[in-house]
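Have a look at this one.
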Amino acid sequence: MTAPSAVKAALSSQSIETPSWAYGNSGTRFKVFAQEGVPRDPWEKIDDAAQVQRHTGVAPVVALHIPWDKVDDYAALARHAEERGLRLGAINANVFQEDEYRLGSVCHPDAAVRRKALDHLFECVDIMDATGSRDLKLWFADGTNYPGQDDIRARQDRLAEALAAVYERLGEEQRLLLEYKFFEPAFYTTDVPDWGTAYAHCLKLGDRAEVVVDTGHHAPGTNIEFIVALLLREGKLGGFDFNSRFYADDDLMVGAADPFQLFRIMCEVVGGGGLGPGVAFMLDQCHNIEPKIPAIIRSVMNVQEATAKALLVDREALGAAQSAGDVLGANAVLMDAFNTDVRPLLAELRAESGLAPDPVAAYHRSGWAEQITENRKGGQQAGWGA
Amino acid sequence: MTAPSAVKAALSSQSIETPSWAYGNSGTRFKVFAQEGVPRDPWEKIDDAAQVQRHTGVAPVVALHIPWDKVDDYAALARHAEERGLRLGAINANVFQEDEYRLGSVCHPDAAVRRKALDHLFECVDIMDATGSRDLKLWFADGTNYPGQDDIRARQDRLAEALAAVYERLGEEQRLLLEYKFFEPAFYTTDVPDWGTAYAHCLKLGDRAEVVVDTGHHAPGTNIEFIVALLLREGKLGGFDFNSRFYADDDLMVGAADPFQLFRIMCEVVGGGGLGPGVAFMLDQCHNIEPKIPAIIRSVMNVQEATAKALLVDREALGAAQSAGDVLGANAVLMDAFNTDVRPLLAELRAESGLAPDPVAAYHRSGWAEQITENRKGGQQAGWGA
Amino acid sequence: MTAPSAVKAALSSQSIETPSWAYGNSGTRFKVFAQEGVPRDPWEKIDDAAQVQRHTGVAPVVALHIPWDKVDDYAALARHAEERGLRLGAINANVFQEDEYRLGSVCHPDAAVRRKALDHLFECVDIMDATGSRDLKLWFADGTNYPGQDDIRARQDRLAEALAAVYERLGEEQRLLLEYKFFEPAFYTTDVPDWGTAYAHCLKLGDRAEVVVDTGHHAPGTNIEFIVALLLREGKLGGFDFNSRFYADDDLMVGAADPFQLFRIMCEVVGGGGLGPGVAFMLDQCHNIEPKIPAIIRSVMNVQEATAKALLVDREALGAAQSAGDVLGANAVLMDAFNTDVRPLLAELRAESGLAPDPVAAYHRSGWAEQITENRKGGQQAGWGA
Amino acid sequence: MTAPSAVKAALSSQSIETPSWAYGNSGTRFKVFAQEGVPRDPWEKIDDAAQVQRHTGVAPVVALHIPWDKVDDYAALARHAEERGLRLGAINANVFQEDEYRLGSVCHPDAAVRRKALDHLFECVDIMDATGSRDLKLWFADGTNYPGQDDIRARQDRLAEALAAVYERLGEEQRLLLEYKFFEPAFYTTDVPDWGTAYAHCLKLGDRAEVVVDTGHHAPGTNIEFIVALLLREGKLGGFDFNSRFYADDDLMVGAADPFQLFRIMCEVVGGGGLGPGVAFMLDQCHNIEPKIPAIIRSVMNVQEATAKALLVDREALGAAQSAGDVLGANAVLMDAFNTDVRPLLAELRAESGLAPDPVAAYHRSGWAEQITENRKGGQQAGWGA
C-alpha cells in the first residue's frame, strides 16, 4: 500500500466545489419541503458554504447558478466569498425555466428562442469575467417528449451552432464544460444524452471544451469509471458533478447509494492523472429531506474518503497482478484498499491542519444551525423556482 | 379474426376515466410551463372533461384528487358533472404535499403524522359518500431516501394498520384500490414499490381491496401484461392508471411510447375477462408541454384502438397454435391483429353513435380551445401545487 | 456498536452452503473456458468443497444439482461428504436441459412433457430422502420468447398444479424453496419472474413452501433488501442464492459488484431475525474466468464480512435516530458499521477456531491447486452440459 | 403521405443481409435445443439463405462468420452463393472462442494472445479478398469481470493498436465496421461498450472505419434512433445488426419486441439519407426455440414493413408541424404512418416481382422444411460451438 504520508499529501491538494443551489430548497415534482434557516440570497448561500469549508478544509470553491444567484455586483460577491476563505467556481447556465423554453432553448425550432438562450449564455460568460470563474458549465434541458415532435438531427445542428458561438466568446483561460444527461426533464429524446454526444461536440469546439460527468446522469448499469478512464485518456474530462442515485437522477449525497462505485471512479481519476486542477470536483445534489449543510459536509467527506482509498491502492501490486492475468489477485489488491477504514487517517490529516477530526460533529457543536434558524426568518427562501 | 360487429359491441361497453388533474398544469421538478386556458377550479376541469367525452363518447367518468379538487359541495359538483354527461369516478387521496409529510404519511415514524394522514383518508371516504364514487385510490409517496433512514419492516406494520382502518371505514359498495410505484418521490425505499407488496396487503384486507396497475410504475424491462394476467387470475386487478414512459414515471400519453405493449396489456385484459366494470380504466398523465384536452382525447383513442386490436385477435387460432407449440404461428396470430389498422372501424363506430369520425379534428373545429383561452384569463390556474 | 464478542458468537453460528456446480466449469453462451484441475464427478466436487470449509470454517454444507450430480448411491455420497466435515444441502432440480423442455417443463403446453418434468421433481425428493437434505430448490427456466407464444394464465395453472403435487410429496421436515428470476433463458415472459409470483404460489401451498432470493435475479434498480425484509415479515424467506451482478444474472462472486448492497441485505436479515437455521445462505455463482476454489473461498468471506458489519450496527442508536426522524444520524449509524474494517475481527475469530487468519493465502499454501491439476488429468470435466 | 409508387421504388432498392449463423443452432448458456434439418456446413447454410431470398426477394446477401464458416475454397463458396442468387456479405471475425481468449483478445494483457487475435483478423481480410466482401465486422468479447482485473486505459491502448493494424491492411474498397455492446460476455467492463467508444476509435482510424449499431446492445432505455441520427449526421453509420430484445441481448426476431422502435429507427435512416448502399442492413439473431428459416423470413419482412411505414411518413407535414412547435400534430403525422397497415402494399410489391404475396406461407408450401429434415440426417449440425 501507498505510504500514509503520500496519501495525505495528495489529499491536501484536492479541492471540492460545492453548489450554491444545494444550500437552498429543492424537491421533486410532488413537493418541495421547506426547511428552517435556508438562505434567502447568494450571500447567505456563501455564508453556509463557508461553514462546509471551515469544518472540512477541502471545499474552498462555490459554484453559482444563473439566474438563481443573480446579484447586481458580482465582484462584491466574489469579495464576500474571499473574505470567508472561499472563491467562486463554475458558472452554471440556466436556460430551462422560462416559458419560452417549453420546447427547448438552444435547440428550439424557433430562432428567436435560440437567440434568447444564447444571450443568456453570453451573460454567463460576462459573469465569469466578473467573478474570475474558469468554467462555464452547460447543461441543457433540451429534448422532446414525443416521437416526431422535432427533428433530432436539426436540433444537433442548432446545438452545434450555439456551442460554437459560446466557445468563441470564451477567454483564453476559460473553459466550456458540457454536461450530458440520460433523460429528464425531456422524456423521449435529450439533445445531449450521453458522453459520446458531449465528446463529439467538444472535439469540434477545441481544447477548452471538455465533458462533465454527472454521476447521476446515466442509463441503468452504465459503467461510469469506464467513461472517466476514456475521457481522461482523450484529455477531455473537465470535471464531475458528484451525487448518487438508486434509480434516475436522484441527486442524493455522493457515495450514499454506492460507495464502491465512487471508489472505483476515484481509482480511475488517480490512475489517469486526474487529481490535478484540470478536473473540477463539483457536487451537484439535492437535500430534499435532510438538513442541507451537514449533508454537504458528509458529501465532501465521502469524496475525500473515496479519494483516500483510491490513493491507498498498491499500484505496483495491482499492475503486477494485471499483467500476470491474475484475476482474483488483482481484484484483491483493489478490495484491500476499499476495505480499509480510512477515517483515522483523515482524522489525523484534519488534526494536522487544525481541524476537528469529525467535521459533522464539529458543525453541530458550532451552533450555526441554531443561528441561521433564528436569523433567517422572513423573506423568500432560495430554491429552484420551478 | 373476430367479427367487426362483435368488436364494436364490446368497445361500446368500455368506459375510460379521465383524471381531473391532467386538465391542470403539471411539469417536472425543473419547471411547470403554464398553458393558456387551463382550468382554475374543479368545475372548469369537469367542463374540459366533458369535451373529451363529447368527442370520444367513451370517457364519461372523471376522477378527483383531494385536496386539489376540494369544493364545499360535492353533491353540487356531481350534479355539475351529470349535467355534462359525466359522473365522478375514483377519489384520489393526497398525503404527500404538506410539510408534515417530509418523512412519509401513514408510514411516518411519528404517530401524530400518521393520524393526520389517516384523517385525510377518512375524509376521502366521506367525499366518496357524497359523490357516489365507488373507488378510493391510494397512492403513497412514502419511503426513504437513505439506507438506515427508517425501519423497512416497522413501516410495513404502520402501513398495514392504516390500510386496515381505512378498509374498515368503507361501505359495502366501495373499494380500496392500492397503487404501487417503483420509485419517486422516495429514492431508496418505497413502501409499496411493486405489485407483490400491494397484493400481499390487499389479500389481508379482503375482497374489496384490489391492486391498481399504473403502467409507468415499474422497473425497466418489467413485463406488465404478465402482472395484469396474474392479478386477473387472482381476482385482484382493480384497475389501471394508464400512461406511457420511456424512462421513469414519464406520465406521457398512454400508447405514445410503446403501442405494442399497450396492445399486449389489453390482450390480457380481454383474455382474462377484465373488460367488464370490475376493472377501472383510468388515465393518469401529465401534459407538460402539449395542449391538455387534445392530448387526453388522443390518449382515450389510443386505449380504444389497443382494445379494438385486442378484441380482433383470433382467439381460436391463437389457442390452437399455442397448444400445438407453434411459436411462430401463435405469434403471427397476435401480430396480425396488432398490424391491422383499426381506425376505419373506430370511425364507423363513432359515426354509428353520431360522433365525428376523428375526435381530435372535431375538437379543434369546436372552438373550445379558443373559448377557454379567452374566458379563463386571470385567477390561479389549477396545478399540483408542489 | 455491538460488542465484538457478541458479533463473534453470532458469526460462529452462521453456516454457508456452497453449490457443487460452482466447482465445475461454466461460461456464457459464447464460450466455456476450461480450467485445469476441475472435478470430473460429484465426489471430486465434494473434495473441493471440503477445502473451502477447511480454510473458512463456515461452509460445511454442499448443495447438489440433479442430474449434474447424479450418482448410483446417494447415501455413499453423503458419507463421502461427512468424512470430509461436510453435509449435503439443498437438492436443485433441473428441468431445462432436455430437448423436450424447449417450450418449458411444468408449464409446457403438452401434458406428457409436464409429466416428465414432474417425475424428475419426484426423483429429487427421493434423493432428498437418501441424502437427508431438507430443501428442494425449484428454479424453472419456463417462459416464452415471443408475445402470443403461449397463454400466460394457463401456464400459471399448470405451474400451480405441479407445485401442489410436489409439495404433497414432501416429508414433514422437508421444504420446497421456490426461486424467481427476472429473465433468462426465456426472453419475453418468465413463469416465476418476481418475488410476488413466488410468494403467491407459496402462500397457497402451505408453511413448508418458501421463497428463495437469488441476488442476481431482479430488474435493474430493484431494492433487494426491501424484498428480504418483506419476506421475513411474512415468514416466507427460505433462503438466498448469493452472487453478484452488474447487468443481468452475471453470477459473479457475491459482494464483488456491490458490497454495500450485500451489507444492507445482511442488515435486514440480522434485524429481521433471519440469522437462524430457517434461512439457507447458499451461494449460486459461476467462476467463468477465475480459479474456482479461491473464488468460492473469497465469496464465503464476503458473506461473512457483510454479516459481521451487519452485526456491528448499533441497533439502539439506529432505532433512536429513526424514531427521531434524524435522517442523517440514522444513515450515519449504518455507515459507521459499513465503514469499519472487520477483517481483523474475522482473523481473530478464525484464530480462535484454529484456522489461518487469511483463508485465501492458506489455500494457496496448501498445495491443493497443484495437486488437483496433477491428479485430475483425463476424464470429462464437470460442467453444465448445455 | 408519400405516394405508394415512390414507396415501392424505394423498397425495391433495399437489400437485407442475413447471417449464416442464424441458420445453425444457437441457445443460451442453459441449453442449445437442436432442431431438425439444420445445416451441417456453410454450403447448406447458403442453401437455406437462398430460400429466404426466394420468397422475400430483398435478402440477396449472406454474412459469414469465421471460423464457423471456414471452408477450403472461398471462391467456390462465393460461386455456390451466386448460383443461388446470393452474394457473400460481411466477414465476421471471431476472437472469443479459444481458450487463450479467456481474458480477452486484442485487449489481452499478454502480447502473444494479442498477436494471435490480430492474425485471425488479418486472415479475415484475406477471406474478404477471396469472397469479394466489402465489410469486415469486428465485435470484441473483450472486457473484464471484476473491478481491478485489468487496466481500462491500457486495454484501450491495445485496442487502438490492433484496430490501426487491421485498418492498414484493408483495401481501398473495404471497410472496417466496429460494433459496440453494453455487456456480455464480460460483466464488469466491456472494451467497446457504447457508440461513443466505437465512434472515437473509428474517427482516428479514418473514413473507411464506421460504427455498427446492433439493436440489442444498449443499456435499458437507450434511445437507439437518436444514436442512428447522430451517426448518420457524422457520416459514421456503417450498418445495423438487427434483432430485438426485452431485457439483455436477447437476439429475438427484429421487430418482435418493439415494432414501434424499429419504425422510429427506420424513420431516422430514411430521413438521414441512410437508405443507400452505405448502410448495411444486417440481421444478427438467434432462433433458439422457433424454426430458423421462417423466423428469418419473418424478420426480413419486419424490416421491410418498418421501412415501408417510414417511407410513408408525410415529411412535408411533419416538418411543418415541427417548425410550428405543434407537438401533438407532429407526433400525429408520425403515428399516422405507423398505424397504417402496409401489408397490402408489400403484397402488391411482391406480386409485381413475381413473388407470392405471403412469403411465410409460400415457404411452408414449398416443401423445403420437409426436404431438409429428410436429407440432413447425420453429421454435425452447425452451431456456435461454445
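Going by the order they are written in, the chains are A, B, C and D; count residues from 1 in each one.
Here is the rule we go by: a contact is a pair of C-beta atoms (placed from the backbone, for glycine too) under 8 Å apart; a residue touches a chain by one contact, two chains touch by 3 or more.
Which chain is which protein? Per UniProt: A, B, C, D = L-rhamnose isomerase.
Everything numeric here is computed off the predicted structure, so don't read it as measured data.
Annotation: the A-C interface is duplicated by B-D among the options A-D, B-D or A-B, judged by over half of the residue-numbered contact pairs being identical. For the pairs B-D and C-D, the larger set of C-beta contacts lies at C-D.
Averaging Cα coordinates per chain places subunit C and subunit D 38 Å apart.
If you average the CA atoms of subunit B and of subunit D, the two centres end up 40 Å from each other. Multi-chain contact residues of subunit B (touching two or more other chains) are listed as 103, 145-147, 182-183, 188, 220-221, 223, 246-247, 256, 260, 289-290, 327-328, 331-332. Taken as a graph of touching chains, this assembly is complete, with every chain in contact with every other.
Taken together, the subunit C residues at the contact with subunit B in this complex read 103, 109-110, 144-154, 156, 182-183, 188-190, 193-197, 199-200, 203, 218-223, 225-226, 229-230, 232-234, 260, 264, 268, 271-272, 318-319, 321-325, 327-328, 330-335. Those residues of subunit A lying in contact with subunit C across their complex are 220-221, 223, 246-247, 256, 258-261, 289-291, 294-295, 298, 305, 327-328, 331-332, 338-341, 343, 360.
On the side of subunit B, the complex with subunit A involves touching residues 26-34, 96-97, 99, 101-103, 141, 145-147, 182-185, 187-188, 220, 245-248, 250, 252-253, 256-257, 288-290, 384, 386.
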